Each structure stands twice: as structure tokens, then as C-alpha cells.
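First chain A sits with chain B, and in the next complex the same chain sits with chain C.
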Partner chain A sequence: MSLDKSESIQNIVTQSGRLAASGRSIKVKPLSKSRLTMRITMIALAALTIYGFFVFDYKNISPWQGTIDMLTNFKTMFLSPHLAHLTFWEGAYAIVVTLAMAVLTTLISAFLAFFLALFAAQNLSNHTVARSIQAVAAFIRSIPTVLWVLIFAISAGLGSVAAIVGMSFHSISYLTKAYAESFEEMDQGLIEALRATGAHWWHIVFQAVLPMSLTYLISWTFMRFEINFGVSVAMGAAAGAGGIGFDMFMASAFYHDLREVGAITYYILVVAFLLEMLSLRMKSAVRGKMI
Partner chain B sequence: MHARTLEAPATVGSSEVRELLKVERLTKKYGEHTAIADISFTVHEGEFVVLIGPSGAGKSTLLRSINRMIEPTSGHVWFDGMQVDALDKKGLRELRRKIGMIFQHYNLVDRLSVIENVLHGRLGYKSILTGSLGMYQAQEKERAMELITMLGLEEHTYKRADQLSGGQKQRVGIARALIQNPRLLLGDEPIASLDPKAAKTIMDYLKSIAHTLNISMIISLHQVQVALTYADRVLAVRQGRIVYDGLPRDLSLERVRDIYGADAGDLIIDTGDRHVD
Partner chain C sequence: MIGFFLILLIIVYGSQWVTAFSFIDGIASIPKALSWLVGNFYPTEKSLQKIPTILTKLVETLLLSIAAATVGAFFALFSAIFGARPTAFSKPLALFSRGLATLFRNIDVAAWSMILLFSFGQSALTGFFALFFASFGFLTRVFMETIDEVGLGAVEALRATGAGYWPIVFQAILPASQPLMISWTLFMIETNIRSAVLVGILTGSGVGFTFDLYYKNMNYNAAGLTIVFIAATILLLDRASNMIRRAIL
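Moving on, here comes the complex of A and B:
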């Protein structure tokens, strides 16, 4: 950005600041140093974005034509889907494989994350232990799932084992954080009341913490299951783990069959829709019933 | 619950009943701030002690120092032959199951039923596995039903705790404390969130429990009037120190003003008709 530009930005900002100081308007959010920095950053980013559009290398493709081509491809994909390289039941079987990977990953990670989260929750655990677990989990979370899968592929080889172990790695750290936060929501008085009866820590976990946070745990787990389903599709292609993702990869990259890609997308869409329905049902069932 | 016969003559002083709790020079400091300082008193079996004093005077800290929910900085506590401040983890569990506790906000597990909440009072007696799974013995369940009936909650036995009114929740809290077979009950402002009618019911229950089951009570309260009506003995705390320890009838209006601060002249305190007799 040129110097005079940033100066003019500065001017705008200080001007609005002066307006508040004059006493004519009362600011609800006073312009603090951090807000000023934030605002300058946002304006700079907006300016850079607009600038970017003028200097892109478009390689003689007009953006307009490109958009139209893309929409045409979408039309072919979704309005005339067909299956050429696999039968309907093969497709159904492939999606079951993908679902199975997601289920297994979610089960493993929910189980392990529950216990890790107990030690990661500030109100149930030792401060240092809680912090350390949170820190490790944050580190694992910051590395994308695909990378974990590829890291485990070194020892397990490309395939479903590496995919499930790698996906679980990321899932565990995600659920640990989510569960621990649900546990921390709990009323401290309740823990105190049970401690005062002479109850053991594990008693408190299973008799108070679990019943009080069960709905949260279920919604977080289901949410992660939906994410895991999406990731399983991607892993089928990226890590050769099989399932519908692999078929989709073959259809698009190997056979260049847009219509089959469309058909497979419908498979995934239907399953995603069913999962959403199921999760809504489950949540309302849990809320309504006494648990 | 085993009805305890009053032990004849006095182990300490001129009292006729046995001493149950003895607090000696108890102090709790949070950094520079002193929550309670140099507190000493004794409580006898079946005695109904009410703890009064302004907010932040140290009532809650004092109550929690007795069952070591808060670790005192210095001083000693003896309870039923145990030196509380010297107990290890196992001993502490044994101590805590002999001391019931009730709270201003009841602290029940809202999502569980009344009977499950009551049975939580037995957790101190259970192994990790049976307690975690909520497996209780037949006698324990019978006792729970007895207490629920005694406290007039039988029609709510299988209701979820969050469907009850405040007064009913506190009665569940009392039942949870009583199923421990406690010898002492600590109450941290148990009626502060209740309307006057429910508050009276709770206080009546506590009073009758103290006398019929011979369970000592230390209950902190905000309402001086209620304290004077129910207490066998009043302990007043101000700025972490005991400023009054005696019979409710000897507590004059002037002393009450003293307890709550010098400029509390027009405090809403109604000492009632207690002084007429």
C-alpha cells in the first residue's frame, strides 16, 4: 500500500475519533488502541483484496466465461447423473464402507476423549494436568486431519487403518476440548455437595457430571460424527482408504465422468441428510426423556 | 438411624450431653485476607446452633473448614473423637460421611430423580464401582424411601429434581444429608432462597430432626428473627471473629446492631417477642 493511502486511512480514523471527543455523539464502544488496530487491519485487507483482482494472472480466461463453464459443468453433474463404472448396490456398499470408517473413528475418539476430558476440565482435574492436556490437544487440532492420516500412512501404509488412526487423532483432540468445556459448564456447587458426602471422584463423574452434561456430549459427538463422515469421504481418495470417496476420485480424476461424480454426490447428500435427521431425532429424544 | 441415648454426665463443662465438635483457634487466610480468625467453640450432641453475621463475615468459610471442604490455615478441629485437621484422604471420607451438608442452592443433580439424589448421600459408603454405577443395597433404598416419606415427598419420588419447588428441593437436600447417617448437619444459608412459608417448613424439619434424631446442627442464616426462634444457641461472626456465643434470649437488639455494624441502626431486624418472656 502506498504511503499517502495509509495516511488518508489514518485521517479517516482520527477524524471519527475526534467526532466522539467533541461530545456530540456518545460512543457505545470507545475507540481503544486494539479496536483501532483492528479497524486498520480490516481496511488494509479489504484494499488488498480489491487490488488483487486487478493484478491476477487470468491466463486469457475471462472470469465471466469461467463462471459460466463451471455452472455448465454443475448442470451436467447434477441434472443428468448416471452410474457407469459401478452398480447402484456397489455404490451403496461403498457408502456403507465410508460410514463405517466414520462410525469407528467417532466411537474410538468419543470413548478416549471422555476420559481425557475429565482430566482436561479445570473443575475436575489438577490445574497443571488440565493445562497440559489442553495444550497437547490444541497442538494436535492445529494440524489438519489429512496430514495426520498421511503421517500414520508411513507406518500403517495407505489404507483404512491409517485413515482411521489419523482421523481418530484429530477427533480425540477436538472432542476432548468440547467435552471438557461441557464439564466446565457444570455448577461447582453440585461437585461440592457430593464431595461433602464423602463421595469418590469417580462417583461424582458418573453420578453428577455425566448426567448433567450428557446432552452436550451427545450433540458434540454427533456433530463430530458428521465431520468424520465428510473427512472419511475425502480420506477414501487421499489415503486410498476405500469407500465412496475412492469411487468419486476414480470417477473424476481417472474416468473424467462428470455425471458419475454427480450420482456419487447424490449418494453422499442422501446420507448426510439422513444423518442430520437422525441427530435431530436423537437430541430431542435425549432432551425429552429423563436421563 | 440409630437413636443415640444421651450420654450421661458431661465430659466438658457443665453441659449434660456429650461434646461432638470442638473447634480450636481455627484460622483461614487467603493471602493477606483473613477469612476467619482464631475461632473456638464447641457443639454438643443434638444441639441446634445458628450462625449469624453479615455477608462476607466468614460464615461459609467456617462451615466448610469443619468438614475440610476448605483447608484451614491453622487451628484444630475435633469431631466425634477424630482430629479432623490430621486426617488422611481415607479418614476425610469417613469424616465427611458423618457430616451432612445442605446448601442455599440445594445443589441437586437436576437431571436425576428425587430418589437418586437422596441415594447420593450413600456414596461415601460405596466402592468406586458400585457407587459409579448407582448400585444401592435394598436397605439403602428402603431408608431412602423412609426419609422421602418422612419429608413429605413420596409423591415426587420419581420426579426429576428440576421439576420441584425450592422448598421441595431443599427437603431432598436434607434427605440426602440424613441418609448419610450423620451426627452433624451443616447448613449454608439453607433458607436464603426460599419464600417465608417454605423457609418455615424447612426450619421446622431441621429443628425436629435435631431433637428426635439427636443430630447436631450448625446452620448459617440471614434472618435474625428466625435464628432467635429456632436456635438452642447463637454464634455470631463478624469480620472473621466470633462476637457472640450464647443463648438466643440473651441476644439483645444492641448486640445484634453490634454484629451487623455500628451504623445499622435502622436495619430490618425484628427480634420478635422473644424477649418478653
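Moving on, here comes the complex of A and C:
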């Protein structure tokens, strides 16, 4: 999925870790401020949702009729898929193209983000430098990936170059933050001890920091790869970057072929399932190593 | 070690070959795009007149993202209670709700919007359902993880005191997992806004469509202004969610 799990996911992960570390489960003393905030948040969300349903632009489409249509469409799509405008192997090749875009984006981002993160980590870098890199990364993340891709498409033309560079922009800033946080988890004493022995900064990085945080880096990178697969499906459709996303866009918006959309969905689902399984296995391997 | 890098190199070359990507073109496009950005994406008097249009569409997209995340969270809550280990009471139901969440999660929002285009056309409902399905799938997974984390010990302890199933769920599990669940819902709203821009471009609705219209008509000043407003909304929302998070976690 094209979830750009940026800042917040990391906040949530660290905060939930903190929650777990602090004894977790049931809070004995009800915190009135936290309860009040939760109640206000929930009421506000519910009110905005209800208000939203009144003001949405339905364009004369009845929600009920549409929902019934949706269910019958799902039946046609998933129960009688067929490929009309591409063969089975062309579909398989398209999914390889989509995967390749995700691979390139992830590798480029991981490589560049590693070096950026060294300068963005508070314990390895100068405070001002770290803050400014983090600020630029936050700015880049605030612009959705599709807009980056379209900005690059103006200079590079619609296609894989704009898609991969645009996707990398977002991916780099995401991984820089994630990697920097992994580096910051490191034992500060160890770095100081090494510094005291006169070790060079690069020695500290490659002999201590990298080996100790490698498992974190790998699991963040793989998580980003999973996201990038979804993003690259989307970019194929929205930015003409090719691959299975483009075929799906053609089947949907151009040929109006519901059954072909169904068949293409199966391609995407199979790969997404495989990636999720792989990612879960890697996460448990990483966890096993950490304990 | 050398073998690892060799495999990496082969993967990079292979990927480059199938996608027709060139590193040189990629690097060359960066300064071009950036200088172009500086030269074209500044607001002009004409583009400033578009602000009311952009804001109206932005509010619609924001409401859509909130509605999808909130309704998604509501359904995900039940699905997570049925599916999470401490609270599952029927194995088939648990498998069903987990399977449903996996299915919804693994179809990308962009793919959902192209599927839903058949039923809801260019109306806001296409975007709503696409974001809702994605939110439901993702939130079910994280809610289940939350319940797993908070619940196992509490359920056993309470069961030992003879407490019934529903009291355990409503008085122990839910209150304990509420802060994290709200936090994830806020995160989902932020994600939904980014996705909504994409969905809007694909299906012709919301602020994504506004941007696409300016972009395709090469009205880059207005397109740039739209980007500024979207980015500002996401940054503000992030700030607000973090404030709420600090208060509740």
C-alpha cells in the first residue's frame, strides 16, 4: 500500500515501546488530562466525519445503489477475471517492472540515507547539522510522493526516470529519519570509549555503529521496500511510469474492463502477500537476534 | 561479502534494464527540476486568486481523509477484537477477520480507486471507499497488535477472578489500548491525505484533481500554490497529532 508511514509511525513505535517499558497494560490511576484529550479527539473526529458526509460531492450517485453496484462488481471482478489486452506473461513481466522500480528506489534511498543519517543522528554529528538535515527531510516528507514524481516529470518527462527519482526523494527522507533513530539508540558510552582511544570517526561508524544497528537498518529498509512496491504500482497509474499500475489504469479508465482489473488485482495481491510474509519472517529473525 | 555485493550489482543492473532507468538521466533531472521549481512555482497575482478554490477542495479532501480513517477505525476495532489472540472467541471468525484485513491491506489505495471507479464514478465516494478500505486493513493489523501487547496478561488475570468476556473487553482491554488506537487513527488521517491526493489525480476528485488540472494546463504557479497548501496541511496535522499524542500516551 502506498502508505507513507513517515514521522508518526516511528513516533508511535518508540512511544509504544516506552509504554511497554513503563509497565504497560492497565493504568491504575486515571489521568484526567489524557482522558479528556482522548474524549475530545474522539468527539471531534466523529463530528467531522458526520459533517463530511453531508458536504461530500456525490455527483448524483446514490450511496446505496453504488454500494450494491460495488458488491456485484466485486463478484464479477474476483470470480471471473480474465486478461484481454495483455497475455499472462506480459502481466508477469509488468509486475517485474513494478518490482524493479521499487528495488531501485529502495537501494538508491538506502545508500544515500545511510550517509545522510550519520549526519542527522544527534550522537554522531554536530547538533546544528543534525537539526537542519532533519528539518529538510521533514519538509520533503510533507509533499506527497505523487507530487514529487510529477514535479520531476516536467524536467525528465513522464516515465521511469521521473518515477524513480521522485519516489527516492520521499524514500530517502523517510529512511534518513528511521536510520538516524536507530543510530541514536546506540550506547553512547561505547562511542565515547572509542573516541577516547583515538579512533577515527569513520572507524567508529564502520566498526561499531554499522554492525550494531545493522539489524534495525535491514528491517526498516525492507519495510520501506514493501511500501515502495505499493507506491510504484500507484506511480505506474498516476504518472505513466509503466509496470502493472499502468496496465491497471488502462484496463480501468480506458478499456473499462472490470474483469481485466480483477485479473491484474490478483497479480498485485500475490506479490504483496509474498512481500508481507517475507517481511514478517525477517522481522521475527531480527527480533530473535536482538533478544 | 563479495558474493553479496555481486548479487546486489546484478539486481541493480537487471532492474535498470527492465525499467529503462538511467542513473545519468536521473541525476541530470534533479538540478533541472529544482531550478525549474524556483523559476515557476512562485505564486503570482493570478494564481493567488485561485486560493478560495484550492482551499474548498483541500477542506473536502481533509474531511474525506478524516471520515475514512474514523469509519475505518470503527470497523477495525471490531475486526481486531474478533481477530486478536487475547480476545478472539471463535476460530473461524478470527480467521475471517484476519483474512479480510490482509486482503484489504494488500491492495494498494491506487488500485482500490481504479476498482471503485466502476461503481462510484468521479464522486467523492470513490475516494472515500478507497481510503476506507485501506484504513480498515491497516488499522485492523495495528489494533490487533495493540490488543496483543496490552491484553494477554490482563485477560488471564481477570479470567482468574471470574470476570466475563464482555466486561474484560470493555473494562480492561479497550481502556488500556485506547491511547495507542487513537494515535494510530491520527496517523492514518495523515496517510490518507497523502493518498487522497493520489486518488484525486486518478479519479478526478478533491484537491488532487485541482492540482492535476492546473498541472495539465501548465498553470504551474497555481499548481505550485496547491502543493504549498497540501504540504502545509500535512505539517500542521502532524504537529497537532503529536500534541495530542504527547497528552495521551
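One rule holds for everything that comes next: the second predicted complex is superposed on the first by the 220 of 291 C-alpha atoms of A that agree within 3 Å, B and C clash if a C-alpha of one lies under 4 Å from a C-alpha of the other, contacts with A are read in each partner's own complex, and residues count from 1 in each chain.
Heads up, the rule we're going with is that a residue touches a chain if its C-beta (ideal position, glycine included) is under 8 Å from a C-beta of that chain, and two chains touch if they have at least 3 such contacts.
Since this is a predicted model, take the numbers as computed values, not measurements.
Once the two complexes are overlaid on the shared chain, A:Phe206 sits against chain B while remaining clear of chain C.
Of the two partner chains placed around the shared chain by superposition, chain C is the only one that A:Ser160 touches, whereas chain B remains out of contact. Applying the stated contact rule after C-alpha superposition, one finds that A:Met42 touches chain C and leaves chain B untouched.
Of the two partner chains, chain B is the only one that A:Arg195 touches; chain C does not reach it.
Of the two partners chain B and chain C, more residues of chain A are touched by C. Overlap of the chain B and chain C contact sets on chain A: empty, with no shared residue. Note for the complex: chain B touches chain A at residues 67, 69, 92-97, 99-101, 103, 105, 107-113, 116, 120-126, 128, 131-134, 160, 173, 176-177, 180, 186. Remark: chain A residues 187, 189-190, 192-200, 202-203, 205-208, 211-212, 214, 290-291 touch chain B in the complex.
Across the complex, chain A meets chain C through its residues 1-5, 7-9, 11-12, 15-16, 18-20, 24-27, 33-34, 37-38, 41-42, 45-46, 48-49, 51-53, 55-61, 63, 66-67, 69-70, 73, 77, 93, 96-97, 100-101, 103-104, 107, 138-139, 142-147, 150-152, 154-156, 159-162, 164-165, 230, 233-234, 237-238, 242-243, 245, 248-249, 251-253, 256, 258, 261, 265, 268-269, 272-273, 276. Within the complex, the chain C residues that touch chain A are 8, 11-12, 14-16, 18-22, 25-26, 28-30, 32-33, 36-37, 60, 63-64, 66-67, 69-71, 102-103, 105-111, 114-125, 128-129, 134, 137-138, 146, 149-150, 153-154, 172, 175-176, 178-180, 182-187, 190-191, 193-195, 197-198, 201-202, 205, 208, 211, 215, 220, 227, 230-232, 234-235, 238, 241-242, 244-245, 247-249.
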